[in-house]
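Next up, some structures in structure tokens.
Two complexes are shown next, each including subunit A; its partner changes from subunit B in the first to subunit C in the second.
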Partner chain A sequence: MKKYLYALSLGIKETMAYRADFWLGIASAAFPIIIQVFMWQALYSGSGGGALFGRSYAQMLAYSVSASILWRLLKTGFEYEINEDIKNGGLSKYIVRPIEYLPYRLHCFLGQKIGVLFSGLMLMTLALTGVGLSFHVSPVSLQGVLLFLPTLLGALVLNFLIFFCVGMWAFWLSEIGFLFEAVRIVIVVLSGGIFPLEVFGTAVGGALKLLPFTYAVGFPVDVLTGTVTGPAVLTGLCFQLAWIGLMVVISRFLWNLGSRKYLAAGG
Partner chain B sequence: MKEIKKHLILWGLLIHNSLMSQLEYRANFFTGIAMELGYFLAKIVYMIVIYKTGVPINGLTPDEVLVFFGTYMIATGPYAGLYMMNLFDVGRQVQTGDLDLLLVKPVSLQFMLTLKRSDLSIFTVDVLLGIAAVTVGLVRMAVPVGLLDMLGYLGFLLSGSLIAYSMFLLPQVLAFRLVKTNSLAGLVDSSWDFNNLPMGIYSRLVQQIGVFVLPIFVITNFPALFLLHKMEPLYAVWGIAGPFVWFLLTSFLFRLGLKHYQSASS
Partner chain C sequence: MALIEVTGLQKTFEYTKKEEGLKSSFHSLFHREKLYKEAVKGIDFSLEKGEMVGFLGPNGAGKTTTLKMLSGILFPTGGQATVMGYVPWERKKDFKMRFAIVMGQKSQLWWDLPAVESFTLNRHIYEIDEAEYRKTLGELTEILNVEALMGVQVRRLSLGERMKMELIASLLHKPEVIFLDEPTIGLDFISQKRIREFLREYNREKQTTVLLTSHSIGDIEDLCRRTIIIADGTIVYDGELKKINSLFGERKRIQVSFETEEAAQRDLSRFGTVCSREGVQVVLEVKREDVREISRMILETLPATDFNISDIPVEEGIARLYTGRNSQ
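After this line comes the complex of A and B, so read on.
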């Protein structure tokens, strides 16, 4: 366990070393938020101020702000490192060391995220406070915040597992090119990172909620903003945990299958 | 004129070389298409929202908004396919001293630095999807499009592209001083999405800033405004003059910035 805690601290140190890069990444969330604020303003004023997609204007803005910041906070990048490890033989060092690759990567990832999560959540609080002051409403409740924290932890782990599986593709594909980026964008859309899944309609939105992606962004944001309350939170948490369990199995299966193909190229 | 012709021929050769290199590593070509389709999905979701609500956006019907969106996709073709990747690479070339090799070539340094590589898969996907969206929007509205409309539309697309090239090159000039500008380039790049929706959704003040100060809205709004016969005369004048003003200003600042370049190679 001690070696994985060391990996965790390595992740924290790495994020602290490149914190300017992180903040510029978060700053880039400002543009889509601004675009969405103006778009929703035009749509809600055009519709007479009533609810759209089952949400009030304040609730929609709270969702847009939280989702935009959250998916950037949880954003991965280690899939490119996995690809490098597989292609250049870097994986060999994990074979000879008494360390497992998946837990090692998970702890590095968690370490990186711990380093930025606190400041990112502070930023989200500030943005939501801005929404609250503008509409004289409270977009989040204390209960919502308390329930959000376990869903956030689940989202962090689930997001890691999804992209770990994506990274495993490198065992079979000789060239990755822009594939990881293509997959990332699709997952952001399907997870509700841009708009709530209700915009796709009842049938498609409902079907998308059966997939794991929504539990990585949309579900935690809905819990935070109070759109999902009561027993639905518990149901959602059960789905999130079930997906985490299933993704662990899939990750291990892909790792075992892929490592048999590994050629240990390079020095 | 002779210099322009020489550079245009050279640009054609560079595009040809990039295509050959891409076809050698076909995964890049096809995953480039997949990536652009992914981005298209992320952008078309905005149109899904607008069509689902069916509400006019500040006087623009969803079909009219689709014409703006299609124009945005067409303009994204040259931006993402022809020069964006070069702009992202300026900082690295300054940092590693690779710029030295370009300095000794008997062609414009700005030209080589910003148009050396291209990705025709990205360019083609964006332009085709954009044309499809504009066509669907126009057909649904049953708007007749004459030859003059087409020529004006293409003209404003070209001038918008020139403005985009100049605007997005400007932050890279800082690379000569700051050396590492990747994050800054990423930040500026994300502002491209301001064109995803018509500028009519923004307040009047934001519109004026986006047209005359940092002319991000000129890039895709002007061609669509012209096609839909909603172009204000002042905008038409700025749409023609603006690109030249910005291109000359950026070229001047580029040459000024270059004086700060210190070769990092051995």
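After this line comes the complex of A and C, so read on.
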């Protein structure tokens, strides 16, 4: 549909205008990464250089760095706009027009991400090369990179849907701004955006892999860094797709329910 | 069947009571008292194709709520409405392609983009053919005289300029029904006049059906033959604006000026109801059939220097309807 492609191009234009914002976001990743490097160093030296949580020190660093960058790369912000639209009546202009809100927002989001994806991936390549050179290993295989790309697309869409659903809460709750940050912190942990889910132990980690969040960050990073390979990639992709499907259903349900409650304030 | 049919339309808003103070804020975390406001209390009216009808009412009377229900933004609590045969709140795509709503107080343009980007987005949203779009846009920008402002970011436009852009954005797809919610609010006299002229011409030429709310009686007098007045969620008048005063009986005003203020102070109640007394001037309200007789009596018995008979102003009739004083 042409109208949604136009929304995509609007998203790209917008990112071009707010580039500095993105780079500041990426730069802010540096500090937590440094902390993690020291933390893992301490933990691994304690283990006598052996593998922890099924990963070598180099693999763990490759994971942490990639996950940090990916999380910031996929970071949403449109939930604040949704909240704004719902609270101040800006939603009306979408409701009265022959355009659907979810696909419109999705395309704007994808457009914004296309604008930064290339630079983000370049940065990730650089960081992984750094890890590779320091440990004389290659943290990434060509197969991993090729399989990573579809999981990345899935992660983008899934991340969008998760935060779209969170944004829908604005139909019911009146002061929600702080909630978005709280939810984001929980989700970054549950998605493996800080450390791999294995850290929680087999039982909890395994249970968390049934939730959608890991398919938004942890899973693509695992595929990229080669922790998940072979048939497990396919299983993961199926989970990712299934969660996307389910989240679409949930989003639509919340939208239908919420937009009936919409008050169209102002004017 | 009429183009717009409204029967028994109702909207009740639910809200929670919030009292001042920290203690009650804390209290409201656990217990919230629900209150209900009946914004629209079961209204009926219909519009024929090509009609341009004024929708008047005091603040909070339910005008905007009604327009929002008719454009599918709000779900009603009860009653029915159809617009061009569609139930608005079913939000069917075909319906959305054929109507528009313009809100004076709520921009539908994208604030960070120049107006022309919003128009292009609308072109895609409404699936308007490129050539057709160029033609319509050319016409509209020329009539409204905004060609030079197309590339300016919407947030930098003046209120009047923005309003013109809002109109263009909502007319690009040639809607058959237009809801205008206070399109001239906050505009200066000249801009108001231009927008009015534009709307009149547009309605005449395209035979669009228009329902227009405004607080400016001028807008309505100028544009609409028929006016619906809503007060406190109920329709209190539906007819010609000029005839509004017939609701209050056929009455006339007699304005008399005296030579001195003392003369103006005398008891005049035997002639009619005294409406106002200012300096040497007194305004009386009398029954239409008595005008001739009372005028003669006043002129014969009182030291009047000036004398004038007029109709009760429309605004006063409306004001009486707003406050619910239907009869004298």
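Throughout what follows, the second predicted complex is superposed on the first by the 266 of 267 C-alpha atoms of A that agree within 3 Å, B and C clash if a C-alpha of one lies under 4 Å from a C-alpha of the other, contacts with A are read in each partner's own complex, and residues count from 1 in each chain.
Here is the rule we use: a residue touches a chain if its C-beta (ideal position, glycine included) is under 8 Å from a C-beta of that chain, and two chains touch if they have at least 3 such contacts.
Keep in mind that this is a model prediction, so the values were computed, not measured.
Contact with neither subunit B nor subunit C is seen for A:F118 once the two complexes are overlaid on the shared chain.
Of the two partner chains placed by the overlay, only subunit C lies in contact with A:G89; subunit B stays clear of it.
In the superposition on chain A, A:P32 contacts subunit B only, with no contact to subunit C. Look at A:I99: by the touch rule set out above, it reaches subunit C but stays clear of subunit B.
In the superposition on chain A, A:A42 makes contact with subunit B only, not with subunit C. Between subunit B and subunit C, it is B that contacts the larger number of residues in subunit A.
Shared interface residues of subunit A (contacting subunit B in one complex, subunit C in the other): none. By the touch criterion stated above, subunit C contacts subunit A in their complex at residues 13, 64, 68, 71-75, 91, 93, 96-97, 99-101, 103-106, 108, 110, 112-113, 117, 120-122, 124-127, 181-182. Taken in their complex, subunit B has these residues touching subunit A: 25-32, 34-35, 37-39, 41-42, 45-46, 48-50, 52-53, 55-58, 183-184, 186-187, 190-191, 193-194, 196-197, 200-203, 206. Interface of subunit A with subunit B (complex): residues 20-21, 24-25, 27-28, 31-32, 34-35, 38-39, 41-43, 46-47, 52-53, 173-179, 181-186, 188-189, 194-195, 199-201. Within the complex formed with subunit C, the subunit A residues making contact are 2-3, 5-7, 10, 14, 89-90, 92-93, 95-99, 260, 262-264, 266-267.
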